[in-house]
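By letter and in written order, the chains are A, B, C and D; residue numbering begins at 1 in each of them.
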Amino acid sequence: MSELLPLAIVLPIVASAAAVIVGRVREESGWYLALIGTAVQVVLAIGIATQVFGDGRITHHLAGFPPPQGIQLVADGLSAAVLSVVAVVGFVVLGYTRGSETHRTAFYAGYLLLVGGLAGVTLTGDLFNMYVFLEITGLAAYALVASANTGRSALAGLRYLIIGTIGASLFLLGVGYAFVATGTLNMMDLSAELAAAGYRSRLVLASFALIVTGLAIKIALFPVHTWQPEAYASAPDSVSTLISALVSTAAAYAIARILYSVYTVEFFTAVPTAQDLLVYAAALSVLAGSVLAVLQSEIKRMLAYSSVSQFGLVVAAFALANQTAFLGGTIHLVGHAVMKGGLFAAAGVIAIRTGARTVDEYADLAAEAPIATGTFAVLGLALVGVPPAVGFVGKWYIALGAVAEGVWIIAAVILLSTLLTLAYFARVIERMYFGMDVPGETAAVADGGRPTISPKLAIAVAAVVAVIVMGLGATWFASLLEPTMEFLFGL
Amino acid sequence: MIDLILTRYHYIAAILLLAIGLYMLIAIKNLVAKVIGLNIFQTGIFLFFITTGMVTGGAPPLLGPHAEGPFVSPLPHVLILTAIVVGVSLTAVALTLIVRIYAEYGSLREDIIREVRANE
Amino acid sequence: MTDVASLRPLAAVLVSAIAIVGIIASYRRPNLREVWTILAAVAKFGIVASMLPAVLSGTVYVTDMGTIVAGVRFALRADGLGILFALLASGLWIITSLFSIGYMRGLAEHAQTRYFAAFAASLSATMGVAFASNLVTLFVFYELLTVATYPLVTHDETNEARAAGRKYLAYTFAGGVAVLAGAVVLQWVGGTTAFTPGGIEALAAADPVVARGVFALLIAGFGVKAAIMPLHSWLPDAMVAPTPVSGLLHAVAVVKSGVFGIARVTLDVYGPGLMADLGVGIWLAAAAAFTLLVASLIALRKDNLKRRLAYSTISQLSYIVLGLGVGAPAALVGGLLHIPAHAFMKLTLFFCAGAIHVETHTDDISAMAGIGKRMPVTMAAFAVASAGMAGIPLLAGFVSKWYLLIGSVAAGGELFAIALLVSGLLNIGYFWPVVYTAFFETPEEHDTKPVIEGPFGGRQSARADGGEEHPAAGWARRSWRGDETTWFMLGPILAAMVGAVALGIIPYQAWFLRLVEFIVGGL
Amino acid sequence: MSADRRLRPYVESNVIMTVVRILSPFVLTYGLFVMFHGAESAGGGFQGGAIVAAMVIMLAFAYGMEPTRQWLSNRLIVLLMGGGVLTFAGVGLGAMVLGGDFLEYLEYGSVTASKYGIELVELSIGGIVSAALTGLFFAIVHGFEFKRGEEE
């Protein structure tokens, strides 16, 4: 059954090519091809997930060559989870693009290419192959960000391209150093060879530093996040929903894959300074992201900075390198993708219905768009970490992992992030519901506007339901992830 | 120190290219020059990769009836082939965006664009 | 203590959650909307009361809903302490919803659907807090309570209300984070956060420094809502909310969930024994004593009636915390009994303040001279309840203060006993002027500072804005019920007062003392 | 931008036009030659595609951007690109249909069959690269009416 893996990567790319060709003949066909492509992708992802969670890791050797020489595709619990999120969010957000401005075939070709690239990053077992898929994802993302025909989005797209390419090139240089140190590029092989080459050797340390910095740029952690706010704010709403949910998530998955499959946990025990640096940089990103988010006036820029802070949390969890923190990081990675996507979708619906884009324009919106503001508030509180939602469960495991590791400062920062996230969401919720002016006095008043459900709003509501269900189902997911964690931690 | 330079000169060249590329990206205001800087930065990395494949006295990696002896490792070459195509497509997309920016703001210099946007 | 799997605790939590749907659905027809609230209140009280006899005979109803986080059950247990708090909150919700209907219609407030929906949501969260079986489930409902009560605090949508709401959110979420931190470290040290009467054994084995740290975190976390002195300043600001909100939430549900949390920590996480060995009980009692004295002193100076009542709540809550801190069985009984006692008395006082505000739009005590002639029944209830607060016999306040005094003396804390007595005097100090100016003065020859002369308070306090001056002819005396408030408000006032008196005269037969003794016995 | 399109950016010079007219058939065949060689000898789709694209751009320089752009109709570029990707995927998936792994050429029977398979893939990659590069070049030159194709 290991044929599903290459299919999950090739099919979206083939669909993208088909979309271009059919697009020449019939202009409208772009959306339908994208629908078919992402629907099939969801089926494949679920197939892979059931297979992986059924009986452990599955691998596929491209072109029949055994691993050290050939490229190997691998799917374990972590990658199956991220792949399912990519497929489902890719499929759902497509409904979002239907409603909004009519897109040309080039947009849907780029959309499918992005889904294909993300699937590639998630499934690849070869380090250089991960660079190629990261670049494919990046390329599609740059084009999609610039697809809104305003000057601002072109400038943001160019800035994203330049900084993203530097990140990918650093990643490539890191891969080069690892290749020079060991002579192989396959991840499983590398973990053994790197240990043989000695973790403290200068070459291996340099490769680790370069790879992690490159991916940090891709995830937009604090010092190197400058491309993200402008890119998310100026992209069309459907694109910023898709990209905020998936692109950084895939890059964060890539860091987890490298920390646990390539450099494995022994690297951190051999080089504790590397672990401390990564953990403290991530914690700094949590604090700085939240502070910057509070300063923003434009909603989408605020949500972009909130992503910087939340991914700081995820990377800190992965860097703590114990099982509970890893589980927390994975749950928050998946949960954050759904929450942030839902938030951007809700912000988009509010913008369309009321034209409000900045925090001040959000005054008194509860009457005009009751359901959209309702979903924005609930998703905001979920991200803050108010229980039954998935935000709380992720934070609980990460905090428990940090405490078990004895890293008290990080545990404090993680728990403090609740208040920091609250700082910028309470501000918006207060304006939405308790507005600026005092409404008129009416006797025994019956209030509340007439709610209407558009397809875009349905997506935001679906995100809310998903967040609650994932919150309650987290322990089931933890049991599913058990075998993968045993394998990754080499128990 | 001298023998270090004599034996490791290709690494030094690669690092120099990286430095020049980064400097151009950061210091020069013109957008097209930035993209050129980006290309130089990537060329530095390609140079680093290709030179790692060198085996002194190695024969070109072609299997033929009378090929023998140590071969130059072909793997870096293959990798860099893909990386070059990725680099080219990135440059192409960047230039297309620059065309749009020029059409929108009428200038290629980053500081002038910032002024134009500031008083928009 | 036999556990019986049953759905009643879950039903108690969900009743008002379902009512929210009904309330929002019937936003066009206010009368139907109010029926939903009343129905939910009565049903909830019915469910909780149905569990009372069984709990008194030792069975515990449990609803187990799987694990929320690895190693932590998401379960609701209706044990003695849970039933005490749930019975109190659901009982008082009935009379408060009646009062709210009268109040909101009297003032023709805006956004009433949001008000009643948030009220129902906060009550279901309170039930969750009462029945939580471990610290994590308690934290889940603790945070939901904050989210549900926030719309009520900022109901008026004025700048002042928004500032109060922001302060409320900041304080209570900070408290939530402290509780979460405590729960995380407890899970790591003790292996479990489940409430076990008499304390978690593994905690005793843990090293004392971490155990004290966890205790500090948990008490700080719950202390925010229990308004212990350094963390109290959100409560007076939250008085800007409508009076029924201040009544139920800030005298019964919200602050009581803070005190209830401290009770859970002291009784079911640490247990009196371990608290004594760690020497943390004394620190808790000291903080409580400090709070109850200073809060009463501040209350003396407050001219706004609701702010004075807020500071009196802060000091009365510390009675309960003092009882829990001292740890002697009698002090525990006194502390736990003061929860219902204070609830009934303080609710009566807030209802009277609400009635005065609706009828005469005055909030400041200096402007209430001679109001007893205009609203005799309301002010009589106010007088009875404030006498109870001061601890005058035959009223609820006396019984709990009696047990507290015996307990603190038995545990060797004479200083705490003295503090309690001084606080009783201070209570008289700030309640008697209200009663005196209401009944024995007329607006002309009104002495602004009957009790304390000198630099503190004084005449220059700002007039109540918006309220019209007293009618020139003074509070002309009309028929008996004359222009008292509508029955919607007068009824709940009298009901709450009767509760306070009943708790004073027959505390045992009125279940609460029996329940408290059962809890303290079970430790 | 559109103002200066009518101006001819450079002087038409016969020398360049004749040289390019003579050179182009040889360079294009050389490009094809490089595309075909990939299985046993040096060569491959990328290099071949780049050479063909370079030649087309030289033609554009010699004979002017607009005429070359009209000559190279947009449909041809898109078909070349889409067709290339589909044939590459077809060869890969075909190997899977025959029971092997993705792109496992040996599944196509004997070694020679796999050689043809590799060359077919090289040809399709050559097509993709040449079409993509020329397409992007003309998109940049042409300003922005035609939204650039991204599937490099």
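Here is the rule we go by: a contact is a pair of C-beta atoms (placed from the backbone, for glycine too) under 8 Å apart; a residue touches a chain by one contact, two chains touch by 3 or more.
This one's a predicted model, so the numbers in the text were calculated from it and none came from an experiment.
**Q** Report back the single chain whose CA centre is most distant from the CA centre of chain A.
**A** Using the mean of the C-alpha atoms as each chain's centre, the farthest one from chain A is C.
**Q** CA centre of chain A versus CA centre of chain D: separation in Å?
**A** Taking the mean C-alpha position of each chain, the two centres sit 35 Å apart.
**Q** Using CA atom averages as chain centres, what separation in Å is found between chain C and chain D?
**A** About 78 Å, centre to centre.
**Q** Starting from the mean Cα coordinates of chain A and chain B, work out the distance between those two points in Å.
**A** Using C-alpha averages as centres, the distance is 28 Å.
**Q** Centroid of chain A to centroid of chain C, CA atoms only: how many Å?
**A** 44
**Q** Quick check: what residues of chain C touch more than one other chain, meaning two or more?
**A** none
**Q** Can you list every residue of chain D that touches 2 or more other chains, as numbers and ranges?
**A** 148, 150, 152
**Q** Return the residues of chain A touching two or more other chains; collapse runs of consecutive numbers into ranges.
**A** Residue numbers touching two or more other chains: 139, 143.
**Q** Taking the top-of-page definition of touch, could you list the pairs of chains it picks out?
**A** Between chains, contact exists in these pairs: A-B, A-C, A-D, B-D.
**Q** Write out the stretch or stretches of chain A touching chain D in their complex.
**A** 3, 6-7, 10, 13-14, 16-18, 20-21, 24, 60-64, 104, 106, 109-110, 113, 139-140, 143
**Q** Which chain B residues qualify as touching chain A in the complex?
**A** Of all residues in chain B, those touching chain A are 18, 22, 25, 31, 34-35, 38, 41-42, 45, 48-49, 52, 75-76, 79, 82-83, 86, 89-90, 93-94, 97-98, 100-101, 104-105, 113, 117.
**Q** Applying the document's contact rule, which stretches of chain A touch chain C when the two form their complex?
**A** 324, 327, 381, 384, 386-388, 392-393, 395-397, 399-400, 403-404, 411-412, 415-416, 418-419, 422, 426, 430, 433-435, 438-448, 472, 474-475, 478
**Q** Which chain A residues qualify as touching chain B in the complex?
**A** 128, 131-132, 135, 139, 142-143, 146, 150-152, 154-155, 157-158, 161-162, 165-166, 169, 172-173, 176, 179-180, 185
**Q** Can you name the residues of chain B that touch chain D in the complex?
**A** Residue list for chain B touching chain D: 60, 62-63, 81-82, 84-85, 88-89, 92-93, 95-96, 99-100, 102-103.
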